[in-house]
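Presented below are the structures under discussion, each in the form of structure tokens.
The two complexes that follow have subunit A in common; it is paired with subunit B in the first and with subunit C in the second.
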Partner chain A sequence: MATEQQDGAEVFGTDTDEEPEIKRGLIESWAANAIKNPDRTYKAMFYTATIFFLVTTLFPFYWLFMVALTEQRNLQNVGVVPSGFDPTLLAAGDLTMGTNPGVFIEVFTLVPFHRYMFNSFVIATVTTIIVLIVASLAGYVFGRLRFPFKGPLMLLVLIVSFFPPAAFFIPLNQLFNTNVDILRPILADGSLYNTPYAMIIPFSAIFMPLAIFILTTFYAQIPDGLEDAARIEGTTRLGALFRVIVPLSAPGVATAGVLTFIAVYNEFFFSFLMTDGGAANWAPIVEGILRYQGQYEVLFNVMAAASIVGVLPVAILVVVAQEKIVSGLTAGALKE
Partner chain B sequence: MATDQSGTPVEAGGDSGGIFSGVFTWMENLSEAAYAYLLLIPGFFLLALVAFYPLLDTLRMSFLADETRGADPLGGFVGLENYINVLTGNTRLGRQVIDVALTSNFPFVELGTPFFRQALFVTLAFALLSVFFETLIGFGQALVLDQEFRGRRWVRVAIIIPWAIPIVIQGMLFFLLFQPTVGFGSDFMQAIGVFGSDPLASSRDSFIIVLVADIWKTSAFMALLILAGLQSVDRSLYDVAKVSGATPWQRFKYITFPIVLPALLVAMLFRTMDAMRVYGIIESTAGCSTVPSMTCLVIDGLFGGTRIYGTAAAVAFLTAGIIGIFITFYIIKFRDAEGGFM
Partner chain C sequence: MGDVKLEHITKRYDDVTAVDDMNLDINDGEFVTFVGPSGCGKSTTMETIAGLTKPTEGKVFISGRDVTNLPPKDRGISMVFQNIALFPHMDVFDNISFGLRLRDYAAEEIQRRVDHAADVVQLKDMQDRMPDEMSGGQRQRVAIARAIVRNPDVFLMDEPLANLDAKLRVHMRTELQRLHKELDTTIIYVTHDQAEAMTMSDRIAVINAGTLQQIDPPLVCYNEPANKFVAGFIGSPSMNFIDGEVTNTGFESEHITVDFDPSAVGVTVGSNITLGVRPEDVYESKNARVVADPTAPIAAKTDVLEPMGNEIFIYLLLSEDAEAAMDTANADDQLLMSTDPDSTLGEDEEIEVVLDRSKVHLFDASTGRAVAHGLADPAPATASSAGAPSDD
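What follows is the complex of A and B.
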């Protein structure tokens, strides 16, 4: 906004040719520079914004790290350094300087946290794949085909997200704890309780509306000509979807995948409902973190350490995977 | 699959036999509407099992009386009584959904309990404020991530991190940050005069804490979706605009924004619905009796001491109704933006 007005000012300035004669203070000359060379201003704005976002998103995470490094008994007045931090201890030969890096080992010794991470990872991966395939079909239908009752059907998908998760609680709890005779050959007692399926099935349904809407908007933007061309070349209907539409919407598909994966990885409500919380019973990472809440005290520092261990690798993995997926899909895509 | 066969797609796989090619041939010959319904079957099957069936059961519960004594928590059919009781504050719930009275003086309404202790107002205020700030910040983050610069991957990791943190930990983090003996958040906010003496017990101060915590975590959600929209903008459009002398603001207004709009609307739509169902972050920081949201009341009814399942089910459906009213705005927008999109 402001720069637009400055651009206008520049026009007047050059008209009267007064610019070089004015004596300017520091701020004025900076402003004059900014007017003459807007690209520099945009660069400065860009760096300011980047630094602002980095500080605001990372600071609480950094503080979580400081909480993790503080020993449980010292947990008071944690600032930019862990409380109990004392660099002079280094001279005395104490490499930890009053902090508690051992907490990152404690995370795995108190509770089989690696198993919880594995459970969450498997559940999130399978759910993401199911959601992407099923939502791709639905997104294609809603985004590109014409048929009666399209609006009402989309609304029906959306309505699922109107309800608090608790509204599904009691009926689903009964459903998943029922012993179904058909399932007996596969599952020991014929009930889905304490199996990964009991989480993958509800997660797939709960996170599908978002994926369907994302994919609908992205698939709708692909020009019809590209799909028609592929069909004339002899691709099947499904082939056109998965070989033309999906690759051309790579950023949208990857984002739907990332959002689903992370949401499932952290989901708490249904995982709490569908398992008893045991690591061997496919309980996810959040159950693992809550295990550090003892009967008499809450180990805030271990919980903080566990969440860092659980989150950081996944965040990096997700970003790398997203880049790979986007570049992989785009490389195979048709060009206009 | 069909590329090695000559002829039109309709004939593809026609005489090679086998179940698969038979299915494909059958699919090729379906009408557009029939094909559409066929592809929707898997999605709607999942939704029916996990969502529609439980919701119908909950709807049935909302018409049944609360039975706090007997073995079965649900009593006989009472019609809309639960809904009326919830709206008039005549329930066993810890907080009221809405408590206002009409008066004859200006401004003609009077709050029975403070604003931040009424679930409806807390929910609406939270949804409006959080979606507004998250859209603003998310858009900013997406514009930054859309630029090419060194280390972009790591900036992206940094922005995704809050979104990847489980709500339990997010709650713990902000609880500790504003807990007077552990963190410094309350000292700081008191120093600038925003917070009172005990922030985690004050409804207004706790509301701000919950709001900040939510904005911190979920701006990334907006950023990722808007970024996906930005990445589908054809870069050559910018070159054309530059050559014709468009300022960066004009480039944003006439190229970027219209193309991003559908993705932005989807992001805002789902954020609004999520924000109106807020629960986890409240429970893990200030607690549901300090900052009551609509979902808080549902949980309170289901798990809070007395079993009032019928009332809880009614609150759940009221929440859905309020969200539905709100969402109508987006649906109208969608229709305008896409022309027959929905």
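What follows is the complex of A and C.
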């Protein structure tokens, strides 16, 4: 091909970029170029789309950040930069340039926001661990064993996720507000209201079907030979699951774990109704953010700062897990 | 130690019987090969011994213990799989030491044993490689090292060489034999490749449709097959089978007659019978001097030649309209013959062939059971008139 083109160029004595005998306008020549070089067009389209999505998803964060940095009294007119932002102040020795970074400390002084974060974090972590362990067992059974009524049973499990969580709320709230004598040694008044269990239990149930579904598909793909080999080498079925199948399904486990963690961390409906909103009563982040809303004023800048602080752990988790997912994909040479 | 016994093992899946009343007795240190066509139940039998599947009925004994209800890890076995089944997320050392680590051996002991096992399979300096950085042969050797490192009573090998290329397979075959000599442990080996079975085993267990057909040393299976299936399965290319009838003077089919005394063999006159003869026991009449006891000459026409280098396979047609049949081994009017590589025969030549009477097998046509291996000449007088082509 290359030599043919060279030959052609010699014969006609023209440059190969354009065909000079046709006069073209700007758009026409651009279109001709695109037809000749479709890769360039695709690339351009890729960047356009990427930039569009990045802006639409990241701009709210940016704006949140700007709102947080704006002083309380300037909140009426927040623009692309915080109102009151003035770079010239830097020369005068004001490092903040008219913004209010102190709000990130205020977040913790006005309300024990760290405790709310801790609550959310503990509830999300415990739920994720419960979901991963139970869903691993279920995923193993659904993905690797043959037994009658497997399909209908799987469907039954998935049906749980079809219900809106509100459908479960009233019976659960009744149940968790009932004083059970047998729980008195562990819980002060014998009811689950205002304890993390009131959230961990329903969250585990609600997010279980998705995790089971994800893990089933992953575990089903691990070759039988590997499990047989592990069992011959000295593990039980359970040992083979946790020593061979789970490590080899790391991307799937990470996906199920991250999805569960984020969903629980951000959960509001149950958390709001199963606690009275007190930090000591295991109320989650969103309750904490709402605490900045008083009867006479709403501290939007502190709420914005709290939102950013609350997002950080999840952002870090996703970045770390993503690395795990990517490395799992590249190392996952599941050659039989 | 190391003996394996199967008693009335039966495995049924829903409506399919994979293994049907299998009885086997394997001695310590023996190399036994399960051979049979795909889907014959040989792998299921192996999995039953390994404990990966439970038999529907029957008992499994390993080293004298009833292990029928024990999990695989407590049976004193190790296994090499067809798909190699190395753990892809562990390096060679971790793969080999997996079983030892599960059993809480001391670190030095593990290192010593892994070193030794890696030595045996000649993988000394590769202990930190990952499986996907190794070639197929190396991976299979890691799998073998993983199997030998625990000093099991019994090795199970489920078509371990099936995924390797032809040359490597022959090489690994020799290595496995060397390994068996070195370790002197019972090896049960599953394959569908009868060449592997012939070359490696002390005894071959031929399995078909879930039932044991014959278990005997390779040459016995070859020379005295218990039934028509074994005769056809062992040996490549397959034995020729010709259906015919027992007459007063011996065997008779449309194209082939073999004289023998029916009463001496113990077959009833008039019954249907199948005659089997291996390609190497078919001779061109003029070369038949080497045969002590040839049969009457059979007219044939050469069809296709397959020169193999050390021999030539010649497809013979016994009648004009024989070409339609595809299944040469079972066609009554075709014969496969093997000759010296320096034979000058070409295609479409009219020749006469004889069979080596002492190497002819007779099978009951309905049950397939072997009736006789090798036939005696009924009368020297008929032999000289009919079967002696010595004047050529």
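We adopt the following convention: the second predicted complex is superposed on the first by the 254 of 336 C-alpha atoms of A that agree within 3 Å, B and C clash if a C-alpha of one lies under 4 Å from a C-alpha of the other, contacts with A are read in each partner's own complex, and residues count from 1 in each chain.
Here is the rule we go by: a residue touches a chain if its C-beta (ideal position, glycine included) is under 8 Å from a C-beta of that chain, and two chains touch if they have at least 3 such contacts.
No experiment lies behind these values; they were computed from the predicted model shown.
Colleague: Of the partners subunit B and subunit C, which touch A:E233 in the superposed model: first, second, both, neither?
Modeller: Touch status of A:E233: both partners.
Colleague: In the overlay, answer first, second, both or neither for which of subunit B and subunit C A:P223 touches.
Modeller: A:P223: touches subunit C, not subunit B.
Colleague: Have a look and say if subunit B or subunit C is in touch with more residues of subunit A.
Modeller: Larger number of subunit A residues touched: B.
Colleague: Examine A:F53 and indicate which partner it touches, taking first as subunit B and second as subunit C; both and neither are also allowed.
Modeller: first
Colleague: Does the superposition put A:P202 against subunit B (first), subunit C (second), both, or neither?
Modeller: It touches subunit B, and subunit C stays clear.
Colleague: If you stack the two complexes on chain A, which partner ends up touching A:I212: first (subunit B), second (subunit C), both, or neither?
Modeller: first
Colleague: Touch test for A:A321: subunit B only (first), subunit C only (second), both, or neither?
Modeller: neither
Colleague: Let me test your reading of the model: by the given contact rule, A:V244 touches which partner, first (subunit B), second (subunit C), both or neither?
Modeller: A:V244: touches subunit C, not subunit B.
Colleague: Which residues would you name on subunit A as touching subunit B in one complex and subunit C in the other?
Modeller: After superposing on chain A, subunit A residues 231, 233-236, 239 contact both subunit B and subunit C.
Colleague: Going by the contact rule at the top, pick out the subunit C residues touching subunit A in the complex.
Modeller: Residues in contact with subunit A: 50-52, 71-73, 77-79, 81-89, 98-99, 102-103, 131-132, 146, 150.
Colleague: Residues of subunit A touching subunit B in their complex?
Modeller: Its residues touching subunit B are 1, 3-4, 7, 38, 42, 46, 49-50, 53-54, 56-58, 60-61, 63-64, 67, 75-79, 134-135, 137-138, 140-141, 145-148, 150-151, 153-172, 175, 201-202, 204-206, 208-210, 212-214, 216-218, 220-221, 231, 233-239, 249, 251-252, 254-255, 258-259, 262, 265-266, 268-269, 285-286, 289-290, 300, 303-304, 307, 310-312, 314-316, 318-320, 323, 326.
Colleague: Given the complex with subunit A, which residues does subunit B contribute to the contact?
Modeller: Subunit B residues touching subunit A: 1-3, 5-9, 12, 24, 27-28, 32-33, 35-37, 39-40, 42-44, 46-47, 49-55, 57-58, 61, 137, 140-141, 143-144, 147, 153, 155-169, 172-174, 176-177, 181-184, 216, 219-221, 224-225, 227-228, 231-232, 247-249, 262-263, 265-266, 269-270, 273-274, 277, 279-280, 294-295, 298-299, 302, 309, 312-313, 316-317, 319-320, 323-324, 327, 331, 338, 341-342.
Colleague: Can you list the subunit A residues touching subunit C in their complex?
Modeller: Touch list, subunit A to subunit C: 223, 225-226, 228-236, 239, 244, 247-248, 331-336.
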